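Order as written gives the chain letters A, B, C, D, E, F, G and H; numbering starts at 1 within each chain.
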């Protein structure tokens, strides 16, 4: 099996159903990916080691998803030079505005490219990762164009 | 002069002082860039043409900044397969929460990697663009590592 | 069949149950209308063409509904001189405050007359469209007066 | 002097500097207009009488601006069949989110087409009024097209 | 039957289940009350007449409940010198923050004493009305003291 | 000098400039009042004693103003059967939304009639207190009617 | 049975299911604790007495949970020199942002260490209490380290 | 000089003016303290090492202050068993609600005791640290009682 180009990390196994959208999208594009459960707060050491090892293993984009005081994406971004994309997960009390602000409001110096809260964000993180990879992979660019075309057709077919 | 690798578009000339942070950061990394004032609402046609032409001209990352009902990044993302990064600008009435939500809450299918509101977001959009370019440019990766190292030293030197 | 005076566009077929309130209200007033599914992000070209063609086909008011980073109404308003009314749809994470701000906070120059989030907004967009048409159609003005009278009676009859 | 086609009402004289943007825009389009200070709370009777008299005097669109618990637009909309446009004004404590929600979240039955908070909303209310009037006045449609063209040129001329 | 001392008005029959809490509380205190469905927007004339007639009929406190762009309490307060208490109702999209701000943020000159969103607000509006009446009715003051005492006992009895 | 009918309490001397609006309004109505600085958190004992003594001293309405985690009004309401009115003060970080929610969202059983954030709330708390006192004082009712009439005239005189 | 080192107070029996998380966590650490239902608003006297008695009885940390206008933690903090930890409970209308701001935004002088809204906050209040006790109890420090280790292992075991 | 009992860490030298309130308060209580500038994002390695070393050096409480996507407190809490207190700093765009949610909404397992946004939070973090230390230091308990008494007197002396 191919070594992963995109790594997806999330703070808890319970985040997987939402983040499966990212996994499935990457797989549909034939992008080898890896899914990892690691917590910025419960496994700081392992998170740091895993993030630091990504580049050597050939990973090119990191997607990090978390909810509430969502530090995972920012913590990871501090430890790698790879582009890091963040997916804020819905939180039971505040709908995910806490997750969003915790991820997007990074100080100058360490960026996290943040996507929408929840399901659309999971899919879009994968698509943005594909767009990044496509810069040097014409085959992925072609698949992305096809995906857009398919989306286009689906919308056009849906008028009542 | 080199053809631009990163294009920066904003809705109004008055956004330039904030977005100059992105320009300066890119220039500091030696990344050729282009700055354009175009409005999703006031120049929709020219915006569409300009965005559609980016890829052919060799641009690899698009940074779009806007405030209020900030549609520029999403509109651009709909018209290109390039990675699009969005910078929400502070708005006079609501501080920029309107700009942020208008940019980040994109529906599944068309991603915008969103950065922080205002100045830190401008700098970070440039840094994320550099990180993306660095995937195929070891020299940029090296400069990014140096930039991080410099940041590190500055923080360490600042304890009272 | 009469050519439509009001066009209703929404980003996804799943928005139709809410927007049916606008369709039904227009139909109750005998205002010929047209419903279209088009996405500012997934079908930008077709959206532009469709919006640009509205005036020639005799449409007088455009109603656009979207959720999240809701760009459809603003994008349409940039492409037509017709009055554009926006309906922010409820969003799963943030209840629709994202949709509302994305539609209402338009910059000076390109207005969108925004209605309430969700169901009441759908009905009211239709009623505002009728009020606009009624400026030159005394029959519609009469029907609007009757509608108000009916509402009045319903409220008065409902005290326990 | 021509009888007014658009009436602008606001709750306090202190709102005039912001709403002057609406007056100036209407005047630039040659649309006769009338400015009135009336409060839904301090002059309910006079407000009701003035609103009820608008239609007879030939007014075609009503623009109402208010801040905080901004009831003026909704109260007016309840008393006339004319299209009512609302401008939420910035409030000292909450930036105008209170004004916005008080105006836009109208119940089904009585619509207020709401514009952006503050200055952009004032200009846009005038432009939307012009767009409504332009449906039966080709000269206004022409002026609106010219205005858009001017805006377009200004944006295009502003790239650095 | 005694003439009502407290009048409760709400914009729609569907608000009654929540406002029944106010009715029941007043009845438990033996305070004659009247419940009325009237809408600031759908029955402005009847609302004005009904509010203007309250004082003559001996009503001493008015409780007004509404949701969304909740104008009923403010509109009523503009038309009577009686103390007006407002109950913001939960709204489907925004949880009632719109209702709250629309009621509480009244401009200087016309006060509405605002209670909590929804059920607790309904009960508390009744209790505040009783406290106001109790200023000249020692029997009500006594009942209020008893009510507090009962509450106290209930809490004290509930520790596990 | 007359014994006070309305007591105004606030958490800090720095709140006085805003609350002076309440004092001045009461004085303009000839309502004897008392101003006290007491903190729910820094002087809990003295606050409790002072609140418990109000009724015996003939005070009929209590106005409590505080900012941030604004507990003063609720704490006072728990200790007296008098009607308690709350004024949320603007807070430096969050504009006063914290103060507002801390005062208005009281649980069922202990009501606080809450006014607008800051200056308008201060004036309106005094006016609501006057409206309450006016229920048994025809002279105050007359003055309140005069005040409204004056307000009315001021608004009517202010149209440009 | 051992005298309690941590006391947990909440405003209503209905808060117990959420706060049971704090009880269970303390019990798992072998920390004797006491649960009390007391309301800042319904039982102010008993609350004050109970809080004032805590220190004498050997309690070292107080955990207070409340929702809405959540005054319990702040009121308690005003009456004891013990460290007070606050748990904001979810509220039906606003999700708990009201509870959070009412607890965390305390004025300088009387601190409440505030935890997350709802369930995670309940668990974390207990853990922070344990961390405080552990400063002088090596056995608790050891258990805390074990707890962290267990958490670590659980996360590590959960990757798919 | 005594070895520090409380350590204060913040992400940037520019945070010092606000956090000086914590330093001054600790010094006024005679609590030896240490101030450190370290960033969770710019100096992750040094932050981790410094936090891990605190306990051995005899530090008993850690205060961490940050703004925006404020990860410092949570990151530190993950690396030490000491009680961690968080101070959310005001942010230019959103007033500090982003900082607050990023700090307080920690997942179950790793608590941060969060104080108010900005200046009051800085002072209160120090006071809560003192309260924690006072559990085993009667001299500090006495000073805390004196501080409260002084506060009490200042409030009592400030009534006009």
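Assume a residue touches a chain if its C-beta (ideal position, glycine included) is under 8 Å from a C-beta of that chain, and two chains touch if they have at least 3 such contacts.
Because the structure is predicted, anything quoted here is derived from the model rather than measured.
Going chain by chain, each one touching the next, work out the least steps from chain A to chain F.
2
Identify the chains in contact with chain A as well as chain H, in label order.
B, G
Could you tell me which pair, E-G or E-F, is linked by more C-beta pairs in contact?
Looking at E-F and E-G side by side, E-F shows more C-beta contacts.
On C-alpha atoms alone, could you tell me the rotation angle mapping chain D onto chain F? Nearest 5 degrees is fine.
90
Of the pairs given as A-C, A-H or D-F, which one copies F-G, with over half of its contacts the same by residue number?
A-H
Same residues or different residues: which describes how chain A and chain C meet, taking over half shared numbers as same?
different
Distance between chain B and chain G based on Cα centroids, please, to the nearest Å.
Their C-alpha centroids are separated by 44 Å.
From the mean C-alpha coordinate of chain A to that of chain B, what's the distance rounded to whole Å?
19
Between chain D and chain H, what's the gap in Å when you average each chain's C-alpha atoms?
Computed value for the inter-centroid distance: 50 Å.
Two or more other chains in contact with one residue: find those residues in chain E.
In chain E, the residues touching two or more other chains are 12, 39, 42, 68-69, 93-95, 97, 104-107, 109-110, 112, 116-117, 119-120, 148, 151.
All pairs of touching chains?
A-B, A-C, A-G, A-H, B-C, B-D, B-H, C-D, C-E, D-E, D-F, E-F, E-G, F-G, F-H, G-H
Quick check: in the complex, which residue numbers of chain A touch chain C?
90, 95-97, 116-120, 148, 151-152, 154-156, 158-160
Note which residues of chain H are touching chain G in the complex, please.
Against chain G, the touching part of chain H is residues 21, 60, 81-83, 85, 100, 104-117, 119-120, 123-125, 127-128, 131-132, 134-136, 141, 144-145, 148, 151.
Applying the document's contact rule, which stretches of chain B touch chain C when the two form their complex?
11-12, 39-42, 44, 48, 67-71, 74-75, 77-79, 91, 93-94, 97-98, 101-107, 109-110, 112
For chain C, which residues are in contact with chain A within the complex?
12-13, 16, 35-39, 42-43, 46, 68-69, 92-95
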